[in-house]
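You will see two complexes here that share chain A, one where it goes with chain B and one where it goes with chain C.
Moving on, here comes the complex of A and B:
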């Protein structure tokens, strides 16, 4: 997997989430990007059940279990500021067995779904972030395939992001700072999605533009 | 805390509950060669495969009486192989006619930071050991003949000592729940290994 930047696109003034996504995808198609199927990234949150807390003597931690359609046979499990485990899909079966120790936070499942676009060496994914039935925001993921070292290609990625996000271009993701010259891995992408989902969860419900 | 018998549970979310069928026995060191020779003749034709694994057993203690056990295993002689995380359920009781020990099993391949992750989840290492031996296959049956080594200094896999003067022999099959004819095939295969080794269903609870 190449170096990837995941960011949030704010909803345009007076427009709905759906309309903003359409604006973005139209811009991409005008640039010359080709549609290449769909993608989905989802995240479930678990917290240590009260029964285990007493014996551990530590505050309950949140564990995120995520899936990425780009890696359909894998499952990513991570703690905030902690290790990210990459496992195969049987990990989900294990979480069912661990039901007594780790409880799924109610209604915590958050996911982003949308279209994949290929533009030369860039893979762009624009998705609608939903929690249950409501759309809460827009995620934009851009991957530069040929390079796996973040510091080598960040300026190129930034230039490309500016070409279609304009003023909404994000700064360098936090994960790049931690591992400047290390080889980029899919776990870094999942950490970025986790941070994005947490940010969106905390935001107010996205006001739906007047349904006329 | 344990879930109802797995063979009665519905298939959920597209995954099937897998069961491990197991028969165990042992041979003294001096009988190893003859056993390997017979196994080479009976099993599928393949290059003799040896392994050297380091296994760590982790426990998660909750308010329930029995802690949750997970086994993390890594290969010491194959670089780049993923770590293997295994959950084994309680042996299913009941059918006296069933020839093998049956228990629910979940096998997961993971990245190398497994131990750090398990500690973060709240698991603590209970014990560890090194297993060194030979691996054979016959169809879906797996036969392992290995020696267990105790690790003298925690975390240091170089200083080990053999636990006994024998090799543990295990015949196992991992199959979807409900396929009981598997244990018949296993018993027939075990018959062919007598009298070199007697493989039988050993209930772990009776040993404790």
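Moving on, here comes the complex of A and C:
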């Protein structure tokens, strides 16, 4: 697992999500990247149940259960600022049993699906973020396989991102700042995806009838 | 060329054991023949059964006898000596088809030839150093005489000496750790870990570097049985490129009389890769060229260049 940067690509002016994705993939193909299948990252939200809250009335914490097609046999469970658990796929079944403690938030499932591209040692994934039937945004993930220390290769990643994202290049993700010289792990990627999904959820607050 | 198995083998017992195997084979086939033929024609059913059972028992007894004889002989035969001086390559001599695949004889000739070549090259370099083209020849001559000729044939060095040199180099650089092992005979195999950037497997022949393979920090350098994997390439293009550069480097740093200086310079050159992903190219100023970071390190100045940007 190499250093990964997850960012959001704003939808181009006057174009739909689909067309922007197509623009991006065309740019990638011109750069020389090869298509290598598809990917999917999804996320479900759970509230801690009211019965387990302490007498001080602390706010319930949100727990996110995520899957990544890059690690098909694993399941990631993380709290917002807390630890990330990497378990195997039986964890989903366990969540059903823990219904008393964690309740699923309604209509909370958010996912991103798209194609994978390989360019030299870079793995680029461009996906459409959907919540229910509607497309809400575009996620771009770039992984540089050979390097495992985040602080080492940020400049390199930045240069690559600039070559095909142009002006929409993001800043350094927060996880990079936290993990100086520590080996990068898949949990860090999932934290980035969780932040991205939360940002997209907050973006379109306008409730459209039939979705909520 | 004929490689005689050492005197641990009792040749007579060996030939007797081979004939015992033949006897055993024939008695086993007799058992199966007897089963195949079934009962012979006799007057009464009982008579037939008795004859069959007696015949079958006889055959089984003879099998048992032959097996015991074989076991006794095999204990006498003994084992060929295990400390074969040429290890795996000595096993090549067991191939019987000598005229079609004369691998072993060719291998011995190549080995002797390369040893002689090394020896002659050493002598030649000693003579040539005396006739130096530089004006300041006096200094060279004096120091050459002062330095004791401790290793006349640098190909055959005691393993302890090699271990010492490597451990001294290991202590030289804090971010580089070298682990030495000898899984295949006397040639040392080093696993060099450079920070959290890469791992290098260096295969040596006494104190000369033979081959290197560079892999990523997160790649597995061992095979399934836990041994050091010295053949498979890295999965990443950048490290495949660095492997090519490392091979060029070990061809560049050559000094037949002072192999420890060679190893030291090679390790110093390798250490410059600690900033493989952080250093931009000195010529074009960019990080990426065709998706690769600057993988070339100049041999004298240790500056980073892209492979296409050097010189």
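Throughout what follows, the second predicted complex is superposed on the first by the 200 of 212 C-alpha atoms of A that agree within 3 Å, B and C clash if a C-alpha of one lies under 4 Å from a C-alpha of the other, contacts with A are read in each partner's own complex, and residues count from 1 in each chain.
Everything below uses one rule, namely that a residue touches a chain if its C-beta (ideal position, glycine included) is under 8 Å from a C-beta of that chain, and two chains touch if they have at least 3 such contacts.
Owing to the predicted nature of the structure, the values given are computational and were not obtained by experimental measurement.
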### Task
Look at where chain B and chain C land on chain A after superposing the complexes, then choose clash or fit.
fit
### Touching partner for A:39 - first (chain B), second (chain C), both, neither
neither
### Query
Which partner does A:153 contact after superposing on A: first (chain B), second (chain C), both, neither?
second
#### Entry: First, second, both or neither for A:61, with chain B first and chain C second
first
### Task
Scan A:117 for contacts with chain B and chain C and give back first, second, both or neither.
neither
### Task
Identify the partner contact of A:100: answer first if only chain B is touched, second if only chain C is, both if each is, neither if none is.
first
### Comparing the two partners chain B and chain C, which touches a greater set of residues in chain A
B
### Message
Could you work out the angle between chain B and chain C as seen from chain A, using CA centres and rounding to the nearest 10 degrees?
### Response
70
### Task
Check whether A:197 is in contact with chain B, with chain C, with both or with neither, and answer first, second, both or neither.
neither
### Query
Which value, in Å, gives the least CA distance between chain B and chain C in the superposed three-chain arrangement?
15
### Query
Looking at chain A, which of its residues have contacts with both chain B and chain C?
none
#### Entry: Residues of chain C defined as touching chain A within the complex
196-197, 216-218, 235-239, 277-278, 280, 286-288, 290-293
### Task
Mind listing the chain B positions that touch chain A in their complex?
1, 3, 12-13, 15, 17, 60-64, 68, 85, 87, 89, 106-111, 113-114, 116-117, 120-122
## Note on the structure
In their shared complex, chain B is touched by residues of chain A numbered 48-49, 51-52, 54-56, 61, 63, 77, 79, 82-94, 96-98, 100-102, 187
### Query
Hey, which residues of chain A end up touching chain C in the complex?
1-2, 32, 119-122, 145-149, 152-153, 155-156, 159-160, 163, 181, 183
